[in-house]
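Structures given as C-alpha cells follow.
Both complexes shown next keep chain A, but they swap its partner, so chain B is in the first and chain C is in the second.
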Partner chain A sequence: MDVRSQISMVFHLDKCIGCHTCSVACKNIWTDRKGTEYMWWNNVETKPGTGFPTKWEDQEKYKGGWEKKNGSIQLRSTGKGRVVPNIFHHPHQPSMNDYYEPWTYKYDELFNAPEGNDQPTARPISMVTGEHMDIEAGPNWDDDLSGSPVYAKNDPNFKNLTAEQQAQLFAIERLVFFYFPRICNHCLNPSCVASCPSGALHKRGEDGIVLIDQEQCRGWRSCVAACPYKKTYYNWQTGKSEKCILCFPRIESGQAPACFHSCVGRIRYLGVLLYDADMIDDVANTPDDQLVEAHRAMVLDPNDPEVIRSAQANGIHDDVIKSAQKSPVYKFVKEWGIALPPHIEYRTLPMLFYVPPMLPVMTTMDGDAKKNMNEGLFPDFDKARAPMEFLANLFSAGNTGKMRYALKKQMAVRQYRRAVTVGDISMEAALKMLLEADCSVEEAEGIYKLTSLCTFDERFVIPPAHREEAIEMMKDPLEHKQEVGFGLREEPERGA
Partner chain B sequence: MAENITSFDYLNLFLFTILPYVALFTFFLVTIQRYRGRGFTYSSLSSQFLENKMHFWAMVPFHYGILVVLFGHLIGFLLPAQVLAWNSEPMRLYLLEITGFIGGIFTLVGLINIMVRRLSDARTKMVTSTADWVVIGILIFQICTGLYTAIFHSWGSSWFAASMSPYLWSIVKLSPEIAYVTPLPFFIKLHIIGAFAMIILFPFTRLVHALVVPNPYLWRKPQVVRWHWDRKKIRTTEFKIER
Partner chain C sequence: MPKVTSKKCITGINWAASILTSVFFLLLICTSVSAQVPADYFKQNCASCHTIGGGRLTGPDLKNVSERQSRDWLVNWTLDPEGILKSGDPYAVKLQKEARGAVMTRSPGMTRVLSAALLDLIDAESKLEKSQFAGTQISDRPLLAEDIEEGRMLFMGATRLKNNGPSCIGCHTVNSMKGLGGGRLGLNLTRAYARLEGRKGLSAWLVSPPSLMMNPIFKKYPIDEEEVLPLVAFLKNETEIDEPENKTAMINFLLYGMGGAVVLLVIFDLLWNKRFRGVRQPMVKESYHS
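What follows is the complex of A and B.
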C-alpha cells in the first residue's frame, strides 16, 4: 500500500444555477494575460450541448485519454513511437477555431465618433489580431440552448441512445438541461502528464495537484491533445501550455480556490482523499462497467488504523490525515456513493466527482391520478426527462446501475425530509424509501445537511499547509536567504 | 611569400579560420547562458493553434527535409571514409545523392509554405517576429545554395567526405587548414559562410528549440510525480486514532 493524499473535489449539479461566477473569478485571477484570453480553466457548460471546446467529448476527433489495447492501456493520441512525428504537426490538436477567437470592443469609438445621424457603436475587435471581426462563437455559445438542433443535438453523449430517446429530448414540452461546470480533474492517471515529451507536466506528490512547469514546457502541445477533458491550453503568445493550478497558492495558505470560494450556488466541495497509488495501473485497466467501483476502491478509509500507519510512513502529516477524516468529498464519494466521476471511461481517473442532477421526472395528471409513476414508491427514473443512459454516459461510463443508485438515494433523502418538515408524506413510506435506497436515517440527515445547510468550513476542508512545509514545497527558503523575496524571477516573455 | 598575400587571402583567412571560431564561441556561450538565465524562452513557439491547415504542409516537409539534410552533413563529417567506401559503387552513390536532394527539395517546399503561411494568415502574422524572418531568410539562402551545389557541383557526398570533412576536423583540432576550402567554387563557399552565419544566429533565435528535443521521453515512465519534501520523513508520531 502506497498511501498518498489528493486534494479532491465534488460538484453538486442540482445546485448549480449556471451563473458563470466561478469562470469569471478564475479568469480575473489567472487568464487575463495576452495569449490566455481564450482559456477558461473553469468553464460552465449546458448539457445536452457541445461544450467548450466544441465537442470535446468526441474522442474520435480529439483522441484524448487512454484506450485499452492488448491487455494494457495506451494513450489514444501520442503513443511513444508517434511522439516524434507528431511533434512537428500534431494531427489531433484543436485549433483556435475549436474554441473561439477572443474579442473586445472598440469602446473609444463610442466617444470619438463624429456627430452624425446614427448612434455610434463599439465594433468588436479580435484580441489576437486587433482587427475588426465578426463574432462567430464564444466559450459558452450553447448556454441554455437545450433542444437546439445545432448544439444539443450534437452532444457526443447521445451516442448509444435510441432514436426515440433522442427525439424525446427535443420535444418542446420535454426540454430539459442542466449545467456542467468543469475544471481540471487533477487525475490520478493523467494522460496530459503521460504525454508530455519534456516531462514538464507533473503531479505534486504532496497534494496531487497537476501542474505544468513553465520553464520546462517547450510548447510541443502533446498535453492539449492528450487531455480528454481539454483542460490544458496552449498559450499562443508565450509558446507554453497552461492549465488549472487549483489555485495552489491559495490552498497553501488555507483558502479555497477562487472558483470554489466564489461559487454562488455553493455547489462545490473540496477535501483530501487518501488513496493507494499502487492500484493506479490496475484500476486504469479495469473493464468499462467496473470502472466506477474500482476507482472508488482506491480511496482509502482515513479512519482505518492500517491506512493511518501507512500514511504516516509515507510522510503524510497528521494534520493532513485529520483533514482527510473530515473530508466532505470522502462522504459524497465513498460513504454515500452519490458522487460519480465524469467520463471515467477515458481512464485518467479524475478526482473531481459530480453529484448527478435530479432532473424532473415526467409526471402528468390523468384526472386525479398521477401518471408515469412507478408501481413502487419511487418515480420511474427511466421516464425522467433526461434518459438515464445520457447521464450514465457522462458520469459513470454508461453504468446505469451506479447512476440509478445515486439518483434513488437523493430522491429518498428528499422524500424523507419532506416527511419531516412538510409532513404530506407518511414517515413510514419515507423510511421505506430510505431502506430501498440503501440509506440510513443518519446518512439521510448527513446528506441533507451537507447539501443544503453546509457552512464554508464544511464545504472546504483544506489541510493546513504548515508554513514551514508550504515554503518547502515552493522553494528551499535557505537557498535564497538574505535576498529580496525569492530572488529575481524570469519574466514570462515570448522567446525569439 | 609575404609579398604574395592579397586582400582576397585576408578575406579567406577571416571567413574560414576566424569566423568559424566566432560562430562556435557565440553558439556555446549564448545557448548555455540563455538556457540558464532565460530558460523560459526555450520553446518551439508553435503556431499550429492559430492556423491548423497550412501548418501541416509547411511543418512536415520542412522538418523531415531538414533532418535528412542535416543528418547527411553529419554523416559526411563523422564518417568520411565509410561514405567514400559506400560511394565506390555508382548505384549507391546515386541513391545517396538523390536522397539528399529530395531532402533539400522538401525543405525548400516547406520553407516556401512557411513564408506563404506567415504572410497570409492574419493570426499567424501576429506571432511572427523579425527574428523569425531572419531565420527564414538564412534558411532559404542555405537551401538554395545547397541545392545549387548539388546540381552544378555534383557528387557532393564524395567530395564533402574528401575535402569538407578534413577541413571541419581541422577546425575542431584548432589548426584550421584553409587550403581545403580556398579552391572550392564560389557557391560552395557561400554555403559554408551561410552555415557559420546560421550557427551565430542560432542561439538568438527560435532555432534553439532544436536543442531541447525530448529524448528522455522515450525511456521515462508515463507518470511524473514531483515531491517537494522528503517522503520518508515521519512528520509527527503522536497521532492518536480518534474513534
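What follows is the complex of A and C.
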C-alpha cells in the first residue's frame, strides 16, 4: 500500500444555478493577463450542449486521454515514437476557432463619437488582433440553450442514445438542461503530465495538485492535446502553457480556491482523500463498466489504522490525516457513493466528482388534465427528463447502475426529509424508500445536512499546508530557509 | 545564500583565469611581431598580387620598392589606397594605369606599425638573391587535356581538395556547367583566367586567395600546389570556350524550388492526414445546411 494524499473536490450539480460567478472569480484572479484572454480555467457549461472548447468530449477528434491498447493504456495523442516527428507540428491541436476569439468593446466610441442621428455604439474588437471583428462564438455560446439544433444536438454524450430518446430530449415540453461547471480534475493518472516532452508538468507530492513549471515549459503544447478535458491552455503571449492551479497559494494559506469561495449555490466541496498509488496502473486498465467502482476502491478509509500507519510511513502529516477524516469529499464519494467522476472512460482518474442532478418529471398534462407521473414514491428515473444513459455517459462511463444508485439515494433522502418536515408522506413509506435506496437514517441525515445546511468549514476542509515537510522531500529545510525570502524570483546571473 | 555565493566564486576564478590567459597571449604576440608576423601576413594578403623579384602579377613587383617611393608615401598607400587615388596623387594614378584599372584593396587589419614592418621585410627580402616571395613556382609545362579534366573534377568537388578546403562549386559557377549550375555566392569564374591576366596571376591567387571572403576559409585549408595547375588549366579552358551565360539556370532553380515545396506540402498533408481540422465551424455549417 502506497498511501498518498490528494485534495479532491465534489460539485453538487443539483445546486448549481449556472451563474458563472466561479468563472469570473477565477478570471479576475488568474487569467486576465495578455495571452490568457481566451482561457477559462473554470467554466460552466450547459448540458446537453457542446461545451468549451466546442465538443471537447469528442475524443475521436481531439485525441485526449488514454485508450486501452495491447493490454495496457496508451496516450491517444502522442507516444514515444510519435513525439519527435510531431514535435514542431502537433497534429491534434485545437485552434482558436474551437475555443473562440476573445474580444472586448471599443467603449470610448460611446463618448467620442461625433454627433449624429444615430446612437453611438461600442463595436467589438478582437483582443488578439485589435481589429474590429464579428463575434462568431464565445466560451459560453450555448448557455441555457437547451434543445438547440446546433449545439445541444451535437453533444457527444448522445452517442448511444436511441433516436426516440433523442427526440424526447428535444420535445418542447421536455426541454431540459443542467449546468456542468468544470475545472482541472487534478487527475491521478494525468495524461497531460505523461505527454510533456520537456517534463514541465508535475503532480505535487503533498496534495496532488497538477502544475506546469513556467520555466521548464517549452510550449510544445502536448499537454493541450493530451488533456481530454481540454483544461490546459497555451498562452500565446508567453509561449508557455497554463492550467488551473487549484489556487494553491490560497490553499496553502488555508483559504478555499477562488471558484469554491465565491460559489453562490454552495455546490462545491473540497477535502483530502487518501488513496493507494499502487493501484493506479490496474485501475486505469479496468474495463469501462467497472471503472467507477475500481476508482472508488482506490480511495482509502482515513480511519482505518492500517491506512493511517502507511500514511504516516509515507510522510503524510497527522494534520493531513485528521483533515482527511473530516473530508466532505470522502463522504460523498466513498461513504454515500452519490458523487461520480466525469468521463472516467478517458482513464485519467479525475479527482473531481459530481453529484448528478435529479431531473424528474413530476406531473404532465394529459389533454386538459394534470397527470401525476409518480405512481409509486420513486419517480421513474427512466422517464426523467434527461435520459439515464445521457447522464451515465457523462459521469459513469455508461454504467447506468451507478447513476441510478446515486439518483435513487438522493431522491430517497428528499422523500425522507419531506416525511420529517411536511408529513404528507408517511414515515413508514419514507423509511422503506431509504431501505430500497441502500441508505440508513443516519446517512440520510448526513446527506441532508451536508447538502442543505453545510457551513463554510464543513464544505472546505483544507489541510494545513506543511510546506516544510514538502520541502524536506526535496532538500534540507534549513538550507531552503536560508535561500528564500530575499525577493529575487530568478537567480541573479552576471558575466559568462 | 550559499548557492549563489559559490557560483560567484566560480565566476571570479574564471575572470582571473581569462585575464591571465589574455596577458599571456599578449606577451606572445608582442614578442613575435618582429619576426614571423609580417612574413605570414605578406604570404596571406600580398603574395596573390605582388612578388618580390618575381615580376609583375596584378600588382607591381615590390623588389626595391623603397627606392621608387618614400617610406611615408608607401605607409599611407597601404593604409588607404583608394583615398590616395581619389586625392589625385600622380604616382597612384600611374600605378592604377599599369594595373589596367585594378585598385589595391585595403588589407585586413593594416596598421601603421604593421605597414612599417612589412616594408622592412620587403627591404630585407630585396637584398637577397632569391626572395622567398619570388612568386609561386608553377610549372611552365603545356597544359594537357588531362589537366583540364582533373581541374574539372576538383572544381566540381568530384575529387576532394587535398587539404580539405571546400570545393569551388560550393560558391562559384562557370558558364559551361549544365543543369542548375554552381554556387552563386561567389563570382562567375568563366573569365577568371582573363581577369587575373593569365597563368601567373591566377596561380598566385589560388595559392593564397586574398579576398575577404576566401582568405579566412583557405588560410586553414590552402589549395595544394599540385592542384593549382589543373585548376588553372580548367579555368583557362573556360575562358577560351567563353560560353554565354545560361540565364535559364536561374529560372529553373526557382521553378525546381517551388515544385519541391509543393511536393513536400503534399507529403506533409498525407502524413498528417488525420490531424485535427477544427470542430465548431464545420458543425455550425452542417447544422444550418440540414
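We adopt the following convention: the second predicted complex is superposed on the first by the 452 of 496 C-alpha atoms of A that agree within 3 Å, B and C clash if a C-alpha of one lies under 4 Å from a C-alpha of the other, contacts with A are read in each partner's own complex, and residues count from 1 in each chain.
Criterion: contacts are C-beta pairs under 8 Å (C-beta built on N, C-alpha and C of every residue); 3 or more make two chains touch, one makes a residue touch a chain.
Keep in mind that this is a model prediction, so the values were computed, not measured.
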Could you tell me if A:Gln166 is touching chain B, chain C, both of them or neither one (first, second, both, neither)? neither
Now for A:Lys63: first (chain B), second (chain C), both, or neither, which partner does it touch? second
Check the residue A:Asn285 against both partner chains and state whether it touches chain B (first), chain C (second), both, or neither. neither
Now for A:Gly205: first (chain B), second (chain C), both, or neither, which partner does it touch? first
Touching A:Ser310 in the superposition: chain B (first), chain C (second), both, neither? neither
For A:Phe88, decide between first (touching chain B), second (touching chain C), both and neither. first
Check the residue A:Pro149 against both partner chains and state whether it touches chain B (first), chain C (second), both, or neither. second
In the overlay, answer first, second, both or neither for which of chain B and chain C A:Tyr234 touches. first
Partner with the higher number of touched chain A residues, chain C or chain B: B
Once the shared chain is lined up, is A:Pro197 touching chain B (first), chain C (second), both, or neither of them? first
Using the superposition described at the top, list the residues of chain A that contact chain B and also contact chain C. 89, 93-95, 97, 491-492, 494-496
Taking the touch rule as given, give the residues of chain B at its contact with chain A in the complex, in rising order. 37-52, 55-56, 59-60, 62-64, 122-123, 125-127, 129, 131-132, 204-206, 208-209, 212-214, 216-218, 220, 222-239, 241-243
Spell out the residues on chain A that touch chain C in their complex, using ranges where they run on. 50, 53-55, 58, 61-63, 89, 91-95, 97-98, 137, 149-150, 153-154, 225, 479, 482-483, 486, 491-492, 494-496
Taking the complex as given, what residues does chain A use to touch chain B? 75, 80, 83, 87-90, 93-97, 101, 128-131, 189-190, 193-194, 196-199, 201-206, 214-221, 224, 234, 236-240, 280, 303, 305, 308, 312-318, 321, 325, 469, 472-474, 490-496
Provide the residue numbers of chain C that touch chain A in the complex, in ascending order. 1-4, 11, 14-15, 272, 274-276, 278-281, 283-284, 287-288
